[in-house]
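Following are the structures in question.
One chain, chain A, links the two complexes that follow: it is found with chain B in the first and with chain C in the second.
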Partner chain A sequence: MIGAQGVWLGTARVRLLTAAALFTAGLPPVLDRDLSWLGSWKKALDQGTFSITTLGPVAAGIACVVYVRLRRSGVPDLLSQARRPWLGWLAPALGVWALASAAVLLICALTTTAAWAAGAHTYPELFWVVPPALAVLGAEVSIGAMMGSRIGHYWAAPWAAVSVFTLFILSSVGVVPGVFRTGGTSGSLSAETFAIHPIAAQAVAALGLGVAVMALSHWDLFRTSSTVHRGMCAVLVAAAIPALFRLHSDSDERYVSSSVEYECRDGQPTVCMLEETTRPLDDLAARMQRLAGPLVAAGVALPARFVQKLPGDSNLDEGSVRLFADEELGATVTDETAARSLAQPADCPAYSSDSPEDLPEVVFTIDRVLTHWILVQDGQASAPTEGGLADWWALPAEDQHPWVRTTYDALSDCRLNALRLPQ
Partner chain B sequence: MTVALSGVRCSYRLDRPVVTIDELELTAGPVGLVGVNGAGKTTLLRTLAGARTPQDGTVTVDGDDLYGPRRRRVVQTIGYMPQEIQFPGELTVTQVLGYLCWLRRVPSRTAKAQSAEAVEAVGLADRAHQQTRRLSGGMRRRLALAAALVNEPRVLLLDEPTTGLDPEQRAGVREIIANLDSRCLVLMSSHVMEDIASVTSSIVVLHEGVVRYHGATSSFVAAHGGPNRSAELAFLTTIADA
Partner chain C sequence: MTAALQAWGVGRVGLLIGAAVLLIETTATDQFLLPTFPDRLNGWALVPALVALTMAEPLVDRSPDLTRHATRSPVVIALARLALAYAGAGAVAGYCLLSPDGRMVAAYVLAALSLAAGTVALTGPWYWVPLLPISFAWLQHAAGDFPRPTFAIPAPTLVAVVAGSCLAYVGASAVREEVQRRQ
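Let's turn to the complex of A and B:
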């Protein structure tokens, strides 16, 4: 006996092809230009659930086709005679949802495995975000099923897909509650994790919405279903209402700060990055330790550790690893990135101050000069021959050392008002 | 087995009832349901099948309200063969019946035997493992009949079971109906008066949603069928007088 959920989904071959099509439909949001999620397991997981952005509309279109087929068959009249009319009606939608869920799970498994293989630290306990995403997928499938059932024409399928994608867009921009938004963070999720309450609210809202939509898709069958089924559906719909309100408020932030763990590479200096994004750590540490040579030769006192900076944090005793988002997630960094980090030996409060008076403008110029000086000493860049500092750049290195020492000491002590450009 | 309708009113538009039946009681045995296109036969059959809630009135099966609290139990006693039904073409005959057994919650230990019996009853035993898309039109009608029989119903509702069949196939379906348990109430609609006259013991003539005649088929033909006792003429006379 063929599984009841699969009865309306075609032959085994068709079901396999459907699953393959759903998997393929979910890939475009995952295969972004540079696969940056390889650098963060959390982001890889988030990106896996983001596949629902395109996979969901396709699943809705497929559900629409299946329910057009079911409605046109005349079998719904037989469903009303069934002991389990509601389950009989739900079964094809559950079948589509199961195929789509398998595709999402496979994509999530692939992204997280790839991130793990690329060296990212894993957080398997965070897989709990996948079931809520699958609940969203269920709601999307139910919309397709309802459109197919109500409209009864195959041309409704593309409209079902477009409608679901539109709901995703509207959810993402906040026009409607964020029920249909899954994944897609632009950050690295380092020192962050998934927020339980908004995502749980999203799951409840999606389940309630899905159940309500399926009930509307064939109200007569729902009405004649068992009291237990109707009761369960009513509870889900009732729970969805406050969840929708919660998602519509400002408190629907899906990511929250998490405990911070670092991974370090010992050396001179020791370089530490957040545990989530250690993919470029080896390369960064090697470059920073090599580029530290000219600074040591100049007689500066390097901080013992350079640590990846967290927004809002300040630490006077440690240097800052300063990375842009793509560098944080990349496999390697550039010498300029390493030099830029070496040029900030302390994470002064002024750097994250809201008041412009706390941060003299000269700091930015000095940051660029010091970074460039390190690269010039390592032979990675040439000294400028033009501009206001051309004379200083032309001096022998030994003559530049006093300015480097003085400047580095001031930066280390956060005496930013004491900073001066080379004379 | 008795099916009784009381004050039943079915409509798709509030101002235009499709079926209006004050009182009608159907008892065990084959019953013919005749009427012109649009007379309300399919609506009535769907209402009796539990697939369409009437706007007003009650339908009882052996005293139990079909649309009452015991609906799910009552409906289990009814088998329904819709006028048009298209099972997924990729399923085999056995898979279709297995699916219906699942829907009707026939215990798995008996589902296989009941499916085999239904297939045997409609003469599709040699096609049990054939995909339904490969069945002829007549065989598909017989499969629909098997689907209605699979839960061993005590009320069997057949909507135009012989439509689209050739004379030999029609005779086959008539034979199946004639061989059904006599305790079973079989309500069969048809345009073909010959089928009705040869199979049924009583007849319901429906015209514009209203019952114009209900009684023994033989009396109906004798009273309205003219000197040649033509069932066709009896029907035409009845609806012309309405």
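Let's turn to the complex of A and C:
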């Protein structure tokens, strides 16, 4: 019976076209402005499941069309004479869900493969987040099927799609529990992973909603299903109720902190980045090791390692890799980024202070001067000829070295109140 | 004509106008953040997307056999369907004009329906399939800025877009009708 119902999805060619349309519909959330997910495999996987944001509503609309056709063709009356009418009624929805799931899996495979090809560290054990997302997709398809069956007119298809898309928006902004949000984050997911409990609750809630909505799509046929089927539906619906209460709208709940691993490039200095976001590491290390030359020539004691820090981390023995979010996920960094990192040889606790006694304002000026000095020595920038420090900038490099050494020592020891501008 | 209007969904158009007014009243001035969006989205941005996805539905010919046997020409029928859809969009656009921020949105409501009419001309009853991902891309693009003056559509451009889509829709309807008549 299930196989025979596949005919409601059309010929093999139509099914292929449907899958292609679903795949294409899922691309806009994935193809964001700068494909930043190429820099993080976890983010690439999350972006792949996020494709359900637009793919799901389209699948719901297609399911709606299929069930309008079923309803108008008198199929429920025929099914009521069949041996397993309920399975026959479910089969077209399962078919649409299977096609949509194949499209989601293909998108996830593409995003994660592309991130891997771009040099991101892989975490195949995290593929467990895909089945819960497919459960959400199933709930969306069931909503479309229910609307098609109940309304019985083809005009309901765009309404089904809009309704499901609206549920995504309401889930995302916290008006309803976050069942219909299947990923998407602006962060890099470095030192983070997917939270098992909220995502499991999301899957249970989606399954419960899905079976409840399908039962409502044709209650008479559902009543004729076997006791086992009805019992399973009742269990899933009962499990979905606490799961819905467990789900919050807080978008950050989907992610939790994970263990921190680093990948390093040895040299003078050694440069380390979080394992998840090593895409720009080779470029950053090469630039920092080249730009360290003028500092070494000035006689400063460079820290052995510069490390990408997490918020709240503080290590006086290591320099800080200072990247903006887009640089963390990008393929390359700029010389200015490399110089900015070199200009912070210790991650002093005072950097996160609001008190001018701990963090004097001159620190920010000195940070800019030192960064610019490194770039000037490397020929990447020209020395300022105006302003209060113009005389100092005009000095030969050897005469600037004492200030550079003194300043770097003070920064390395976190003696921020000892910092002085060049005279 | 009243029966035809009912068959084309005049009641649903009325319902959609009500839904759009409700949307404007409840969320138009709200700012909210959607996943992966770099900036907050203004509720106004939802209005053109909603109109494009739903208000174009009367443009779809759900009963081509009846249309083939109609006494009026397919061009007149297509124009009547356009009039119904634009009447709905016009009502929403008019309501937008009542708000100081809504002037820009009103132009986008009409432009969105033009895009939807063009899509109906190309894909018929499946028009909403391409429009949904396009709507998401629109929301992404609009986040942070819409409805600021940078989004302004010059009046001649808007007129050209509306007229062009109407021509495309009427032309496609006439061609489709002719093809079916020959079969």
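Here is the rule we go by: the second predicted complex is superposed on the first by the 410 of 423 C-alpha atoms of A that agree within 3 Å, B and C clash if a C-alpha of one lies under 4 Å from a C-alpha of the other, contacts with A are read in each partner's own complex, and residues count from 1 in each chain.
Simple rule for what comes next: contacts are C-beta pairs under 8 Å (C-beta built on N, C-alpha and C of every residue); 3 or more make two chains touch, one makes a residue touch a chain.
Predicted model, so just to flag it, every value in this text is computed and none were measured.
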| item | value |
| --- | --- |
| Fit-or-clash call for chain B and chain C when the two complexes are aligned on chain A | fit |
| Which of chain B and chain C A:179 touches, first, second, both or neither | neither |
| First (chain B), second (chain C), both or neither touched by A:14 | first |
| Contacts of A:24 with chain B and chain C, given as first, second, both or neither | second |
| Partner chain(s) touched by A:169 [first = chain B, second = chain C, both, neither] | second |
| Contacts of A:72 with chain B and chain C, given as first, second, both or neither | first |
| First, second, both or neither for A:342, with chain B first and chain C second | neither |
| Overlay on shared chain A, then closest C-alpha pair between chain B and chain C (Å) | 15 |
| Shared contact residues on chain A - chain B and chain C | none |
| Touch list for chain C against partner chain A, complex | 9, 12, 32-38, 46, 50, 53-54, 57, 60, 62, 125, 127-130, 132-137, 140 |
| Of all residues in chain B, those that touch chain A in their complex | 46, 49-53, 71-72, 75-76, 78-80, 82-88, 90-91, 95, 98-100, 102-105, 147 |
| Contact footprint of chain B on chain A as seen in their complex | 1-2, 4, 7-8, 10-11, 14, 69, 72-85, 88, 220, 224, 226 |
| Touching residues (chain side chain A, partner chain C) in the complex | 21, 24-29, 32-33, 47, 50, 53-54, 57-58, 61, 154-155, 157-159, 161-162, 165, 169, 172-173, 181, 183-186, 251 |
